[in-house]
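Each of the two complexes below includes chain A, the first together with chain B, the second together with chain C.
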Partner chain A sequence: MSAAATAQGPDQSRRGTTFAATTLLVPILLINAIGFMLPVANLAVISVSEIRSSGAMTGGWSIAKWTTVATDPFYWELLANTVRTSLIVTILTLIVSYPIALCLHRMSGAWKSILLVLVISPLLLSSVVRTYGWIAILSDRGLVNSALAALGAQEPLRLMFNQNGVIIGLTEILMPYMILALLAGFGRLDPRVEEAAATLGAPPYRVFWRVVLPLSLPGVALGSLLTFVLAISSFITPKLLGGGRVFLLATEVYDQAIVTLDWPLAATLSIIVLVVFGLALAVYTRILRQIG
Partner chain B sequence: MTIQNGDEAAAPDRFLSLQALTKRYGDTAAVDAVDLDVRKGEFLAMLGPSGCGKTTTLRMIAGLVPTTAGQIVVAGRDLTNVPPYQRDMGLVFQSYALFPHMSVAANVAFGLEMRGMAKADIRARVAEALQLVRLTGYEDRRPGQLSGGQQQRVALARALVIRPLILLLDEPLSNLDAKLREEMRNEIRDIQRRLGTTALFVTHDQDEALTMADRVVVMNKGRIEQTGTPEDLYERPRTAFVAAFVGRTNRFPGTGAGDVVHVGGVTMRCARPVTGPVEVMIRPHRIHLDGAGDRRADDNHAAGTIIRTTYAGNVVQYDVQAGDTVFNVEQSTDATGAIVGVGTAVTLSWSVANTLVFEAAP
Partner chain C sequence: MKRRTFVAATTSLIVAPWINRASAQQPVTINVMAYTGLFQDRYTAAVVEPFMRANPGIRVNYSPLPNSAAMIGQLRAQRAAPQVDVVILDVTVAKVGTDEGIFSRLDATAIPEINELYPNARFPNVGGVAVTFDNLVMIYNTDAVKPPPTSLLDMATAAMRGRVAIPGLPDIQGMSLVMILDKLNGGPGVEGRFAKGIEAMAPIAPNVQTWEPRPDVYAPIINGQAAIGIGWNARAQVNADTSNGKLAALIPKEGTVFQINVINQVQGAPQAQAAQRFISYALSAPAQKAFTESMFYAPTNAKAEIAPSAIDRTAVKFLDRVVPVDWIAVAGVRDQIMDQWRRRVIPLSR
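Entry: the complex of A and B
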């Protein structure tokens, strides 16, 4: 009996461990199922529901919204504009954040902590407040244009209620995320490796291109994915700084759902946003495999 | 390596010359007015405890640490303010510092690429360098796929392939296990001899310094304590610090009275007359241990009792109480030799030449 029990022992304990691990996953699986999977399934259902012109659902089915979205060039334009704007924001955020992150990575001690807190501190303010701050800076009578007028400019620069405003605002608002992601990805940067490159004859700019940049690519990829996804799904900043003249998927979903009360169209556009997320994630995984 | 310029030929003893080289961090001098000349083709070890300034000196020669004062002259050229990428130094780091995103071949090729060498020439030189460190066939591996010893050899090949003015080695063996360390010692030494490269080796391990180097520089607190051949340092240490740091030694406080020194109840003759407080050092294996009353012809004797016996395979270490002083004595073993037990009365004998005295630090 004891021999059999001993033989069974390790097997049973392994089964026990697996069981415990699965149990630990249950809460997050439940939250994910109720909070994400079900609503997405619901969205899919709504997107093929038939509605009256009042917005009330008839209970019937229709793929009218999908055909509209697929055939109306407006929506293709909307998709292209959304992806383009998000890409521009991502690239600008990367360019502005990279030197800051690199500098922070190389610092140590109290200054590093202080500056890190400063970098993260904008996240303590809601992006609504920060967007209003940008309005004060960018409007026709705002900080920038007042300064330009004082310098003798005749016409104010159009920095708001257009693409420029949306890009400027989103870039600033997303910078903390980018910087944090870059810092997380800079783990492989080793000052000794840079020194080795220097002693082998590489001047500073070649050390950067051949050693620092390649080793920081995982951080760049992670930060870019995060920023791109956040840019695509951001809605308050484009709404306020775009002034209704910049059409993006997120603002359009809002308008259709709240203003026009066309829920099936809003649901259809939401699913398209999800598909873009999926594609971004696939590209990220692909890039990571190549540089890893 | 074949063509020498005029300056080099004129001063072959001063291929590398450090002149009053100083590095200060705030008020503390990490390196304090160091003067040093290194011959062409010489293998020089810089030995000292951590924080003695040896690594800072090496990094100043490589150009990675700016100097506070003084000059670095190599082959007649003042390199003091030349950036590291124009110095032609081959530096091997303690952590190897290989490029993790490049293959072994790309790591070794890096320095040649920076010099704008043609692709075909690079390939030939890389193959040659990898053969030198016995890593042919590993060209396409990444550093992460290599063992510590192999990474070390890649680092060595990468530094040597550019045919550096000086090969600088910063504690290159301290991350390897004991057996591999011994192997790499010989390998680095052989390669350095074969190529005739001038090499500067920084270490805190006296065995490494003594066995590998033509000359050893002992550093302490930012200054050079002594420069000499391994034998000079071991047999003729100029300071108490060198005597204590290089090799094991008995270290006794004593009082000098002309030709003799009094050490805790034992009086011994020493090589030079001294007066006042002194430190006396005697290497444990230079003291003979005989039965009580058996006096050798040696000049210094002490009667004592064994209070501890430690068997270490090749040697037996005895702690011998003589007067108020405990002598550490080391005797090599052989198959027939008996180990003397604790409590045995013995006579210690050692020569005047092996009785080193130093003025005690104030």
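Entry: the complex of A and C
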């Protein structure tokens, strides 16, 4: 009798814990179902909806848009260009942000707080406003070209309304996210480990290469994932700075949904963006596992 | 029993006037969805406010959206329970709304003003009727372009390299440009998928600074970022006035095409009668006159007597230069034109 009671005790307690955990998960599961799963399911339904050439939805079903996307080289080029541009932006953002984040990590006191606020403050402004700021800087008569003209340049540099403009704009706009992610990842950096390496005779570049960089890799991976995902889904900056010459998945989704009214094609491309997100997340998880 | 009847009758006689007055004072609100920005400002002043003054029992709530596709998106979402009564949008999108059963067919017996419209303001497969005509114009910065341009090919000169702003496809301004060039070069139009027009973009494309001028095509030309481009007449005329002549607009010698906005009643509109009364007013000669004189859209009501100073700034006096376009047929081949645009025009401007 008492042995049975002892056996029932842990069982009941485990069941209670499972019940409590499930109950606690219900709100987030509901939010996720309503805010994410249902819209994604709706996207999937729209992507196989039939549409007339005028843009009218007939109420029927068709996989025409999936076939178009799979067979038209334009969409493969679009996907490749989107991934390439997002990777370039991610790498450039990392290169520019890493020293700033490291410097901030090593600072202390009031200066650290002031500089941190300065780094984050661009997030208080809409990316539309910041992009218009870049138009003022990069245009043919902007700050850069005016300075070059003053130095004797005959022709303005084409810094805007092309791929260059999109990359410059996105890099600056995504820097705060990368810096914050790097700062979060720098938690494992212990100054005593660097001191130990230096005491053992390692020059500064080797300390950085063998100690600082490996320890900051989780932050680098997190920042890169975040920046890549944000770059791939950006459409305001590519729209404003691309001049209609830079075709990306997000801008194409916008054009199909808002200008040409081809919702099934817009939904198909949105699902492809989602698949790219999923792949990026899988790569991130794998990298994390490899760096321990 | 008799006493109770007497009390009820007396009470109703006393109370009824107050109830009637209260319901009479309760205005009906209709939601009118149309373009935001300049259109909203001018349409509200020229049409919506005079309508409300003439119909004190009806309040108009103007719901602004940036473009026709955004409007149809909202209407699709509200299909089960429409919140909007009247919509003004582009004719190609109006056709989509009609095909999907979002718009009801306007009836000339309920809205007699429909009989006063020009014949090209009615369309066989569209529920609504035209409420404004606009047309494509060349726009230029008067300080930067001297002498004034006369031809679309003035955008192809060496002096204009990197100074041209064109809202490219899928925007219908770019589409209009291709259609005019197609006609100029002897293209068959829809049947030929405007291939001649696409070909004729070759000398212009390398000069294009942006195919996506923002916030619209007029601002970069006024501020000197670009020098020349194409736009819609109505907005160009208003921008010419507000920029103190920095921007000017003209119909090029190659011609122009009409853009048509259609007024529609939403199927199952919550306030159908009031909506019809508004549509009636919007199509009437006084409303058409007021809006044309305010924003230079050409009127669709043949009886509207427009002041010469306003009518001279519309395409009405240049009807011989208007290239006829069947927008509904164009929408049917849009994907193929877009495909050619991406492959043959955009690469020339990189």
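Rule of thumb we're sticking to: the second predicted complex is superposed on the first by the 272 of 292 C-alpha atoms of A that agree within 3 Å, B and C clash if a C-alpha of one lies under 4 Å from a C-alpha of the other, contacts with A are read in each partner's own complex, and residues count from 1 in each chain.
The working rule: a residue touches a chain if its C-beta (ideal position, glycine included) is under 8 Å from a C-beta of that chain, and two chains touch if they have at least 3 such contacts.
These numbers were taken from a predicted model, which means no experiment stands behind them.
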Combined model on chain A: chain C and chain B, fit or clash: fit
Which of chain B and chain C A:188 touches, first, second, both or neither: first
Chain C, chain A and chain B - angle at the middle CA centre, rounded to the nearest 10 degrees: 150
Which superposed partner A:240 touches (first chain B, second chain C, both, neither): second
Chain B versus chain C as contact partner of A:134, first or second or both or neither: neither
First (chain B), second (chain C), both or neither touched by A:228: neither
Partner chain in contact with A:211 - chain B first, chain C second, else both or neither: first
Touching partner for A:98 - first (chain B), second (chain C), both, neither: neither
Contacts of A:177 with chain B and chain C, given as first, second, both or neither: neither
Of chain C and chain B, partner touching more chain A residues: C
Which superposed partner A:197 touches (first chain B, second chain C, both, neither): first
Which of chain B and chain C A:260 touches, first, second, both or neither: second
Lowest C-alpha to C-alpha distance for chain C against chain B (Å): 48
Residues of chain A at both interfaces, chain B in one complex, chain C in the other: none
In the complex, chain A residues that touch chain C: 52-57, 74, 139-141, 156, 158, 161-162, 239-240, 242-245, 247, 255, 257-262
Contact footprint of chain A on chain C as seen in their complex: 67, 69-70, 72-73, 76, 92-93, 95-96, 99-100, 162, 168, 170-171, 209-212, 214, 224-225, 328, 331-335, 338-339, 342-343, 346, 349-350
Touching residues on chain A, where the partner in the complex is chain B: 188, 190, 192-193, 195-203, 206, 210-211, 214-215, 291
Residues of chain B touching chain A in the complex: 62-64, 83-91, 93, 95, 97-101, 110-111, 114-115, 158-159, 162
